[in-house]
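Each of the two complexes below includes chain A, the first together with chain B, the second together with chain C.
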Partner chain A sequence: MDAVKSKFGFEINQGRHIDMDRIDTRLADEISAHVRSWKACLNCGSCSATCPGGVGLRSLLLKLSTLGELTTLDTCLLCGKCFLVCPRGISTRYLIIQIIKKRREYGKAV
Partner chain B sequence: MEKLFDPFVLPFTVGFSFLVLWFVYKIVRWFISLRGDDMKLVITGLFSLKTLQALVETVNESLLHRKVFRNNSRLGYMHMSLAFGWFMLILIGNIESTYYSGNLFKPIYVSVFWRFFDPGPSFPQAMIQPGFAFWMDLFLLLVLSGLGFAILKRFRSRIMGMKRTMRHEPADRLALAALWMIFPARLVAESMTCGANGTGSFLTGSLGYLFSRFFDPSSSILPSWWIYSFLLGFFFVLLPFTRYAHIPSEPVLIFFRKYGVRLSPGSAGYTDLSLTACSSCGICINACQLAEAAPGRPVQSSYFVRSVRKNRVPDLQYECLICGRCEAACPVGLELMPMRQNTRPDLGIGSRATITGKLGRNGHPRRILYFAGCMTHLSPGIIRSMSSIFNQAGAIWEFYDADGQACCGRPLKLAGQVDAARNIRGKLENDFSKSGADLLVTSCPICYRIFNEEYNLPGIRVLHHSQYIRDLLEWNRIKVESSIQNAVYHSPCELGRGSGIESEPREIIKALYKADLTPDIEGLCCGGSLGGPGIDLATRRAVARGAVEELTHGDPDVLITACPLCKKTFSAISRIPVLDISEATAGQLIKPNALPERKKQQGNHHKQAVAVG
Partner chain C sequence: MTNQPDIRRVDVRRVAVIGAGPAGMAAAGSLASLGIAVDWYEKDPLTGGKLHDYYQLFPDRVRASEVLPELESKSGKSLITKYLGRTISEIERHPGGIVLKNGSGSCGEADAVILATGFDFFDARLKEEFGYGIYKHVITSVDLERMLPVGKDALRRFGKDPATVGFVHCVGSRDEQVGISYCSRLCCITGIKQAIEVSEMFPAAKVYNFYIDMRAFGQGFEELYRKAQEEHGIRFIRGRVSEASEDREFRIRVKAEDTLMARPLKVTVDWLVLLVGMTPSCTEVTLDHAEKQQEFIKPENPLTSNAVRGMPGVFAAGCCTGPMNIPESVASGRAAALQAYDYLTRDR
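Coming up: the complex of A and B.
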């Protein structure tokens, strides 16, 4: 198999392809109904850059609609630095609380 | 004496019996659902001096409403006249009926409706001789005057010094209407009896005389007493289900509190008692800056308490900045901030948080540990200023969270993540005691408060940097030059109201500036608080704008605060420069080369560093 692939000189990056079947925006929709400011997110990454707990909030929010594991929030200190640096003034602490709360409510169904 | 009964007493008696049964049931429930150690406190306190002190406090607060008087005399008079007046009517009515009937153990309705059974002394003479009838009329007049103020407050609240009043629910409105009608109904009923018999003092006697000039009051006696009795009974039946449940429960709260019971998540009984003791008076609405910044949102404590009491916990739990202004203003003294925090569920956020910090260079512990805090790292000017102040004072210090990887745990606690906050506390307590430091200086009031209130740090003194700078100034360890500018000081909620540190920053400002133009008001909320995750940026900005406007009335040149969060929030909207107290101090430090005499003191520096510690 590898021998065949190498002939082409390139390979398809499996990890980054978009699988529309895995997208489920129900949770994200419900959360953004509570935290409306989230809609203003630019994905600039200021939140991840300033985080003292090492939470990658930006990538977490990007992945929210694919419902991957959100265990990184276990190191969040809820200190609110991400809120202070956010250029769009998103209530990030409330967003984090709501993500955890809603996921609990959904349980494993979603 | 003829028999002391008439069927009209029944509505009152039924309502009153229901109320007594409910109250006894509630007291038992409150007591048995206290936490075990709280229960012991109540039992041991019951036969101590505390009971007497609680009794005095009950008279002062439940009857005379002294706390309300202190803040607003018109409002205080309104509350006092209704509560104290009604109490005196009951008391004097009881004494009068016991005196004339010669029976101490008579049914309760006898003293309540005594004027019906005994019309009292004849009219014109009773006006001049102050007997029971005179005092009863006087206190009825007091109650009626309070009622007038209450009606005025409902329709023109600004006259009573209230910008806003509570929007009540239907049951509360119904009970309010019944309460308003009770006293005029009593006046009419007593006047009918007095008019028909030619008796009564200045109020009931005169009105009765007036009635008798136009019609024969004797036929209206029974109907008017029926109305009075019905209104009383109706009010008593409604009372447990409305805000008027605070009338019997507030004294119970005062007693429990005096015995040392405090609000905690495990104490269901005390929580329910606190919720019931809220009178929905609306004084907290007046104190809350969100009433201006987010008009129409029922986020204030009285609305919040009501929704919890009725088992509706909406997202109101996150819509409060925990600034504590309502708690400071609450005439019942409810622990509103812990109450709000206890309803925020622990979701396990931060359960695996790691914290790293520096304890000493090359294994050498330092005397002073500096803890900047997360927020201070977003305002590096404070860290630079503290560093130059430490160095100027010759202090031997270590910067614990130089890499910004530490947190005190209070932000998690404010958001309800109690377990994670406790883990962090354990880790930091361990680090601090290992460090060998005897002084912990922090630049963040949020950190200061939790270090001071909850951390167990034997042998380590915790100081906010404003206290530390004040001490350095007092002991001449640093020198500053005075500026020609005028300053205004914003007292951060966690530092001023939360930890009682008001005077230290003001003393520094006196040394630094020409004049201190700080207005004499309860400390404001900057709007940046970590307490309210559910409040969006626009509302926060509105709170901040209101606060800055209030603070800058005296046209100061600079706004000084002592919290990195307040500084960040105000900087975004203030027209005048906003500085932290450490930045202001560092900016006006007189450098050592300008102070030749300091070199001679060099040898003493180490000793003094210990003294500061």
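Coming up: the complex of A and C.
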């Protein structure tokens, strides 16, 4: 399909819509079954603000739960500062480990 | 005369309480306990007000029907005279007291008056973009409250359990488009409670709550919010629904922005529940020929008093002064009763 489009010298923009009817959130569902406290996230951003590795954990987790997509975690030091600051006491460090494990299961590097 | 004990002669004085919701019930009961005679006016044929419209009350999910008898006056019942199905449209101050009127006719007198006329639910049809009154499966939180006690069948569609249910927060609250600038405060927790009730009824259903801010202010409210997320998996999406439309299967297509993701979003739901706000009651009593108010009554000093400005002897209680939950309404009714008592017993 892409090859056909490129022949015409243009591409069709993908819609930016999140289509909740079609999103596959199984990955997120499997992980949140292990770490139930994740569901209580308030999106306050404390985790991202405190991260010495510069991981935007809030937005990473939000993308994972909303779209089932996972962006890179490779600068995470597993230091656990995000867990120390979370106002809802979400086990973020354990959550990150679960995400890494799942990704390995799915055969993708994190 | 001089040998008489110092008893203030309050027994001949009468207080009119207008409205028999939680605030009016608390006010009438408190006055009777204080030994004051009460004329109690209610436009509906029974006392209890909007408690009759509710199924379970937040945050502890106590049945509304269990709360009603608790609010009934235990003492001094003989001092209360009920006038049910009687509307008071105007009150007028005269040198001898206060005259209660319905239209042009006088229908009673009192030495002091407690207004506990309550509120109306926002008319969701005014927010046409949500399709209330147009699409069958767009309902309000008030409709849902009546459907919940009926059980699963009330929410099944064409014999099937609903797969997705959406809740829209702030319908008729914080919305200059419908001339309402204030927050109704109680819709957030109602949305949380009803989302839990729906998800308990249909555990497989996905439940989405669309909100601007979550304002879980009361005792136990934040805990219920967390429970909704963690135990029931209810998804709270920050973003106001822009519009709803119906598809060929009579499901409701919802458009919103997920403002945390900063991306537009669409989702199809089997039911869309509009969490309607509270508006000043249209049956509100007009004070001294004033223009019929479409505002909540502002007490003289909202921090410390229930007295209505410029109307000595008139006190306002409960939701006619602004959105309140049941414990607040009850406290407000009791406070107004005590102030009316003080007014009657102090030297004037």
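Simple rule for what comes next: the second predicted complex is superposed on the first by the 80 of 110 C-alpha atoms of A that agree within 3 Å, B and C clash if a C-alpha of one lies under 4 Å from a C-alpha of the other, contacts with A are read in each partner's own complex, and residues count from 1 in each chain.
One rule holds in what follows: a residue touches a chain if its C-beta (ideal position, glycine included) is under 8 Å from a C-beta of that chain, and two chains touch if they have at least 3 such contacts.
Source: prediction; values computed, not measured.
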Contacts of A:Lys101 with chain B and chain C, given as first, second, both or neither: first
Chain B versus chain C as contact partner of A:Thr50, first or second or both or neither: first
Partner chain in contact with A:Lys63 - chain B first, chain C second, else both or neither: second
Partner chain(s) touched by A:Leu78 [first = chain B, second = chain C, both, neither]: first
Contacts of A:Ser37 with chain B and chain C, given as first, second, both or neither: both
Greater residue coverage of chain A in the superposed arrangement, chain B or chain C: B
Which superposed partner A:Asp19 touches (first chain B, second chain C, both, neither): second
Chain B and chain C contact sites that coincide on chain A, given as residue numbers: 36-37
Chain A-touching residues of chain C, taken from the complex the two chains share: 208, 226, 229-230, 233, 238, 258, 260-261, 263-268
Interface residues, chain B side, partner chain A - complex: 315, 318, 345, 347-354, 374-375, 377-378, 404-407, 409, 411-412, 414-415, 417, 424, 528, 530, 533-538, 565, 568
Contacting residues of chain A [partner chain C, same complex]: 16-21, 36-37, 39-41, 43, 62-63, 66-67, 88
List of chain A residues in touch with chain B within their complex: 34, 36-37, 50, 52-54, 73-81, 84-85, 89-91, 93-94, 96-97, 100-101, 104
